[in-house]
Amino acid sequence: MALPLISIVLATLLAGTVATFLSGRYARWVALAMSIVFVAEVAVLFLAYPGWPGYSASMIPGFAEGESYSWIDLSWMHINYTVGVDGISLIFVLLTAILQIATVVYSWAEDRRPAAYFGLVLLTCLGCFGVFVALDVLLFFLFWEAVLVPMFFLIGYWGGPDRRYAALKFFVYTHVASIVMLVGLLALVFYSGASSFDFSSIYAAARGLGPVTQTFLFLALFFGFGVKFPIVPFHTWLPDAHVEAPTGGSVLLAGLLLKLGGYGLIRWAVEVLPSGLHTTQPILFFVAFLSIIWGSVLSLSQRDLKRLVAYSSINHMGIVLLAIALDSSLGLLAAVLLMFAHGIVSGLLFMTAGSVHHTYGTRDIASLGGITPRTPALSTMIMVGSLASLGLPALISFPAEFTALLATWNGLAYWVFIPLGILVVTAAFYMWMMQRVLFGPPKGIPLDAAEVPWYEGVGMGLLVILTVVFGVLPSLLVNVIVSSPVKGFPGT
Amino acid sequence: MTSLAEIGFVALSSALLAIGLFGILTRRNFILLLIAIEIAMNAAILNFIYFAAFSSGTAGLTGQAIAVVVIGFAATEVAVGLGIVLALNRVKGTINVARATELKL
Amino acid sequence: MILEELAFAALAATAVLTAIAALLVRELVHTILWIAIFFVDLAAIYFLLDAPFLGVLQLGVYAGAVTILLLFGIMTTRKRIFSREAATGIGPVPFGLAVVTFIFLVAAIGEFPQGSGTITIYDPSALSANLFNVNGPWLLLLGLIMLAAVTGAIYLVREGRE
Amino acid sequence: MDIGSFAGPFLPEIFLLAGALLVFLLDVLNVRRNEVVGAIAVVTTALALLFVVADLGFAPFAGLATIPAGAIDATPSGAPLYTFTSLGLVFQGVFLAAAFLVSLASLSRPSEERGAPIFYGLLLIATLGMVLVAIASDLIFLLLAIEVSSIATYLLVAYTRRDSRSLEAAMKFYIIGALSTVLSFFGASLLYGAYGTTNLVAIAHVAGTVGYPVLVLLGYGFLIAGLAFKATLVPFHAWAVDVYDGAPTDVSSFLAGGSKKVGIFAFFLVFLAPILYVRTAPSGGPFTTGTVALGPVLQLTLSVVAVLTMTVGNVLALLQKEMKRMLAYSSISQAGYMMIGIAVGTAPALAGATLQVFAHVFMKGGAFLVVAGVSALGVGPLIEDWRGLGTRKPVLGVAFGLMLLSLAGVPLTVGFVSKFVLFSAAVDARGYFVWLAVAGLLNSALSVFYYARVLKIMFFDAPIPRAQPTGAVVGGSEPARLPAGGLGYGRAMAIGIAVAVIVAAGIYPQLVLGPIQNAAQHFVNLGI
Amino acid sequence: MVFGVLIGAAEMLSPGSYTNVEYTWLHLAPAPGPFPNGLSLVAGTLVDPISALMLLVVTIVGFAVMLYSIEYMHHDSGLPRYYSELSLFLAAMSGLVISDNLLEFFIFWELVGVCSYFLIGFYYDKPSAASAAKEAFIVTRVGDVMFLLGIFIYFYHYALAGPIGSGGWAANGFVFTRGSQPFLASSVRGSSTLLTVAGIMILGGAAGKSAQFPLHVWLPDAMEGPTTVSALIHAATMVAAGVYLLAVASLFLGFTSFDLLLIVAIGGFTAFFAATMAVVHPDIKRVIAYSTISQLGYMVLAIGAGFAMLGLFHLFTHAFFKALLFLAAGSVIHAIGTQDLFKMGGLRKTMRLTAAAFAIGGLALAGIPPFAGFWSKDDILAAVYSDLGSHPAYWPFFLLAYAAVFLTAYYIFRAWFLAFSGEKPRDPTLPEAHEAPWVMRIPMIILSALAVGGGLLIFWPSFDSLLLYGNGVGGIPPVYGSTEIVLSSVSVLLAGGGILLAWRLWGNGRVFVLAETAAAQSLRRLLLNRYYFKVGYDWIGLNGVYTVARAADFFDRYVIDGTVHGFERTFALLSDRLRRIQSGFVSDYASYVVAGLILVFVLLLLIAPYLVSAWGGI
């Protein structure tokens, strides 16, 4: 491909972000225009992606749309601006585009410093996009951190009553993690003796590392990516951040930021350090099971809608980790699918929680009840989101969870009872929530409560539609993912 | 001179440095502090001269030259110190450094 | 030689004692006296080391100028010239720190370079040639220091008269 | 050696001296308006900076180069007192940039302010001393040059004359400075005793061959203590906090942004040669016979000091209530990062440390400039007083935020790149040094706490309610009024330049990093 | 729906299979790893005799219920929701029966579950309805999860050795076999532990959906939904799915002998167990609900004994008479607005058709010839009996099931007598009863006809051959020898005895009151409280899981966050302590300098040389 497509996307995103920051009252229009452009560009990326049917290696080995320019060139360190996509990245890029436009539309009525708000939303998405396309350690880290700052401000300025504490906690946790990750990445580069910071050279050089080195490197990377996941016991930033963040922030946080950890783990640790993965598998499994159980059990005891969804995110990301740790092609596929699904579904759920809050003035499950007659559409979306989240077939999570559990059975045999059993608990807390919030006699409903405004409806509706579409036709995603040049996929 | 003196010179300069440091740590009067600093500085000067005396040629000359420059520098430093003392005295009415603890923690 | 050694011992003892006395006496003016003796004493040691130029410089700069400066400082900062320094304890910690430093230094005595046994006598003209030629920049730097010191110190002190 | 023969290469220095003299002359002539004398300082530093940059070989300015091309990084013959190294030139540039920013910002101070000539004159002399430090290759030359800047800065801190805080700061600065000078000279005397020379080039060549390790170690010990004063290393740092706090804030900016780096470069000059050349010890420890492997011993000691510095600096910054003291502690911790460069002692590490030095001028110097500007707007000294400032003065808030983020090492800022390169270099050095990188990274993680706290206060907290003259708080959320006027063009420009550099060098660091990397490589090859 | 009837009928006429794979949603190319031949997950359709049978049931009952609903539901709000959910429910069930592989099966299975969730919770503003819906979903979810594991086991461990095509089952998308042979090689059957586990898991799934023994609790509570929904759930959709799953599994996948025993045990036990609970219950719908559980037990028993088609045949007949019973009960409720049997009475006078329909349903349920239930139930008992010789372990469960015949007849006629016999309602406040309108009557008439005649289909040769589907494994032709006739007679006698007893105790407006002091009182309480199962489950749910959740939440907030805050506090304390060294006193600062000097000396002269020599350089 002659055009530097990815750079064009990055540049337009950047321009759009700047324009949004500067556009004052018209920020939402600019942001919307930018989001539409972004979606269109992602569509072009998909069309230009040579991944299927006949996958062919492009400029960067194994990646399409690759571009590479020298960036920092020292005698002992060669850092390039290298970007490219494979199927896995593309899936996440798609997720980014979807959530961006959904968030922008959903937040249409944001009136506290809208320019800054939409600018930060766009900046977050820009950072995520960058993480997903970066193929250079420094570039990757740079985008990684670039996500942190806008999210810090989104939580800290637009958040709920305890937002300052939450913002600080979020910032500190993820920053500490990213520092450990940076140590890991640097050590990976230097210990492997890679000729540059590029993914491809690290990938090639890391083969020469001994298992012990790989293990240590993997652990460092795992911790770094894991806090973003988040893995138990480093998860406590997540409920606070989600609860306090504005709804748009929660959506991006759950939908995109958590995925960064998973993507990073796949791209920079699992693919690069196979022996490291192999030796640390028991730890990963333990942590994954712990996260699955912990997230689910804790969801049961939550009173706040957002907190409940936040803990269920921990549960789902635990399954993702489990699938990744299985070290099989099926597991990898499942992990990516599940992350995509979780991105859409948790985004939807956070939006509904936000709408409940806007409409009824509270998210406290105990003080809500019987909202369905008043806001049937909202209730329907809560139901769709909950059912999707608990893995109902024909909705988006099911193919992912099914594949994940299938892979788990293959890898771990009867240990699969843990995630399976937890599926029941997951069903239980969603059902419990729906029973108390949606059904029963109306309770604590202000007189003026009316159906959600159109923009919130559109934002959620988009995600609902995608939940169903990809739930019914998961192969749309699967075909892209398996075209990636990672283990066991046809691309290799 | 014999080794006794050699030891003696070293011991003397060390002792002067220690006395100077001790003075800097314990005295509260700014002028006494200046004096303590000068005592310690003289230890360094003594060292230069002593080492110069037992070297030869350019190296030795260099040592003496350094001593000259350092003596000049020390005097200048005292002048600056006195300038600060006077200004401090004018503003705070004291030159006791223990009384100048506005900036702390 | 033994005479020189004895002389050195006496001068060294005097130097130490006067230095201590200068720091410990209560009367500030007495301090000036002791420190003046100390400077003179050191000048004598420099003569003993066959560095007459430095001895003279020591007498002129330290025993002369510096002492006067210090006296001037005391006079301008004290209402009465014969005022006492507020009593301050000697304090075990500063004393300990000074002693430990001293011990470290003395421990190195065995390692000090062994002199040739004879003291080299330098021609003052060679010294001046060295100072103004090879090591000329030092003096330039000293000049810069003095420039800064003089302008700044004068500025600081000048305020009082305005 | 007559004046004429070295006038050419010393053009920047001559400019600075001439500027200082001109300023003093104007003072005598009663021309004391801030703008006038300030303009001289700005022009002088700018020109000097231009020459230095030209000497570094940047193509657009090549015509202005004053030093013959072959003279830079040439292996010194004999024992010269000064040598032109490209790393030294980089540091010169850094010092001049700090002075330039400070004098540019100071243009915005009230034009009738007393002491403007003395301020700019001393600033120029201090800068001259620093610039001379950067070309030193002789220990005494180095120490004297440091003293030039020290004496000038003692007086700079005190230049407000009637402010008891700044006088107290000057007093502390002076006493600790004089003490450190004594220690430095004493150390130099011991080294002179051991090696018979104070020339760094000569020492580098004889270091491994001459005995007296205890003497040498004691000498280096004294020098570490003496130079650590300038570089504000723990535990020689205590003065810095009070001085940065008490000094006029523009002076704090110069101290943190410029004068501190003198100490860092002095460490480079003095310690690189022994670290590089004295790597092995035949046998025994220092108190037994034989020589000691000076290099590793120094590296280890410097590492401990570096880690101690960054840790203590960061921990102490955590709870600071005053903005300037917080910045001062953060400045101390940043010095710890810079010391990693010399502790590791490889060209990459030196390059990283130098980039950190470069970055620090703009981020910490810039931050102090912002603080000065903000306090001129009537905002109090406490961090709490900055509440809501980010929303009331968004541009200033964002600029300050960027500086803090850069200090915290957030990507896309130069602060990140410098730490990245520095820690990469430490990791690249393998073995023991990886722990330095880990310590540095953990520290920068810790440092995020207090930077984020400031950001939080600036952007998320509601502004302080306006206080009535009686002290009663009225009007709930009505913010205290800030003067409508801005910071003044000079200060705004200075802050703008700082931010521009932070961002530009953060995004495309190659521009700065390339020359620095070459310079560091030459410096290591040269051995001094 | 009519289309569905046609397909079913067509299949009925010409046994055979039609399959069509249409959509591949996951495909992994052959690669080293778990699936050397690749993996393919597909969706397609398979219409074979058993699905045809099920289609008929689903569509006919669905049609009847829809028709009935028009009148029954017409004053409820939310009708669009009702009909759309109902349609989806039927669609999902139809999809389930024509699925051609386990995964697709599971997808529709879950959809059926969620639709039932919605429909049970149709009156969502009633807390009990919302709670019942939740309970139904969660309990069946337990089964679903087991089913899922069963699927995994089949997918992995029997996918590679499969007989289909080259490349194994996995590569072909796990499509059910197209022959009459079960997929699993006989060598595997009966020996593999893994297969046993898989079978147990499948059974678990079926037990959840079909409300078999430990997972039965949700079904009676599911009565909170509209009666029409109950009719659908009990007759054609939800619970039928479980039985259908077992049938499909036994036909296509096969069970090990242990599994079969377990299935028989659960089926037989449930048949009796549920019947006992129905004996005392005062709620008309719940009595019928327990009868469903009991009847499902028969089907499971049949499948477990190896007669899948007989089980399905019973499902077929049961669907009609059970739907009939529910619709009749619905008609009663519609008329008088209560479900409490003890308030009713004498309704046969005002609601003749309903009384007749309920009686027909009851007779069919009780297994009185020639009503439909007789043929199918009797077939099951006879078939199981015939198998007892080779499987003596089945005896106790056969006897339990046999005993349940008596109970069944007793409780269903107890209900009939309580509701319809006597002179007038026992509760005088009830509104005047009236016969249901025509729209409601028509479905009842249709279903009555089927309840009477449905069983006779067995004499239709084409249908008979249908029941032979999977011959050799899943079904045997019904044989009517002397043993069978004796068995049938005894069972009819038992049923008659039950009816008689019911008449004695409850007929003609009598009310049998058990003395308060009677020893049976405790048994009655036990039965009324459903053996305390629900209480126990709730206790586990609330006190067990919820306590754990609370504890975990506590751990999160105070231990994990507490640790982090502890770090924070430590640093703060350290910072505060260290801050004090900044005393503002310059002599102290000088002390630090000298102390630092000494520290440097110690490092340089003592520690560093030691370390360097110890490490051999750095």
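Going by the order they are written in, the chains are A, B, C, D and E; count residues from 1 in each one.
Basically, a residue touches a chain if its C-beta (ideal position, glycine included) is under 8 Å from a C-beta of that chain, and two chains touch if they have at least 3 such contacts.
Predicted model, so just to flag it, every value in this text is computed and none were measured.
Undergrad: Note down the smallest number of touching-chain steps it takes to go from subunit A to subunit C.
TA: Contact-graph shortest path, subunit A to subunit C, evaluates to 2.
Undergrad: From the centre of subunit A, which other chain's Cα mean sits the farthest off?
TA: Centroid comparison gives C as the farthest chain from subunit A.
Undergrad: Among all other chains, pick the one whose mean CA position is farthest from the mean CA position of subunit E.
TA: The most distant chain relative to subunit E turns out to be C.
Undergrad: For the pairs B-D and A-E, output the one whose chains share more C-beta pairs in contact.
TA: By the number of C-beta pairs in contact, the winner is A-E.
Undergrad: Which chain has its Cα centroid closest to the overall Cα centroid?
TA: Looking at where each chain's C-alpha mean falls, the closest to the middle is A.
Undergrad: Suppose each chain is reduced to the average of its Cα coordinates; what separation in Å results between subunit C and subunit E?
TA: Measuring from centre to centre gives 101 Å for this pair.
Undergrad: Just the number, please: Cα centre separation of subunit A and subunit D in whole Å.
TA: 42
Undergrad: Roughly how far is subunit B from subunit E, going centre to centre by Cα mean, in whole Å?
TA: 95
Undergrad: Find the geometric centre of each of subunit D and subunit E from their Cα atoms only, then give the gap between the two centres in Å, rounded to an integer.
TA: Those two chain centres are 76 Å apart.
Undergrad: So which stretches of subunit C touch two or more other chains?
TA: Answer for subunit C, listing residues that touch two or more other chains: 93-94, 97-98, 101, 104-105, 108, 112-113, 135, 138, 142, 145, 149, 152-153, 156, 159.
Undergrad: Specify, in ascending order, the residues of subunit A that touch 2 or more different other chains.
TA: none
Undergrad: Enumerate the residues of subunit E that touch no fewer than two other chains.
TA: Subunit E, residues with two or more chain partners: 579, 582, 584, 586-587, 590-591, 594-595, 597, 601, 605.
Undergrad: Let me know each pair of chains that touch one another.
TA: Listed by label, chains in contact pair as A-D, A-E, B-C, B-D, B-E, C-D, C-E, D-E.
Undergrad: Mind pulling up the subunit B residues that touch subunit D in the complex?
TA: 17, 20-21, 24, 30, 33-34, 37, 40-41, 43-44, 47-48, 50-51, 55, 59, 62-63, 66, 69-70, 73, 76-77, 80-81, 83-85, 87-88, 91-92, 97, 100-105
Undergrad: Of all residues in subunit E, which touch subunit A in the complex?
TA: Residue positions touching the partner: 23-29, 31-35, 39, 103, 106-111, 114, 117, 121, 124-127, 129-131, 133-134, 137-138, 141-142, 145-146, 148-149, 152-153, 155-156, 541, 545-546, 548-550, 552-553, 556-557, 560-561, 564.
Undergrad: Show me the residue ranges of subunit A that touch subunit E in the complex, using the header's touch definition.
TA: 233, 235-236, 239, 294, 297-302, 328-330, 333, 370, 372-373, 387, 392-394, 398-399, 402-403, 405-406, 409-410, 416-417, 420-421, 423-425, 427-428, 431-432, 434-435, 438-442, 473-475, 478-479, 482, 488-490, 492
Undergrad: Show which residues of subunit C lie in contact with subunit E when the two form their complex.
TA: Listed in rising order, the residues of subunit C that touch subunit E are 93-94, 97-98, 100-101, 104.
Undergrad: Using the touch definition up top, name the residues of subunit D that touch subunit E in the complex.
TA: Counting only subunit D, the residues touching subunit E are 171-172, 175-176, 179-180, 183, 214, 217-218, 220-222, 224-225, 228-229, 234-236, 238-239, 241-242, 279-281, 285-287, 292-293, 296-301, 304-305, 312, 315-319, 431-433, 446, 449.
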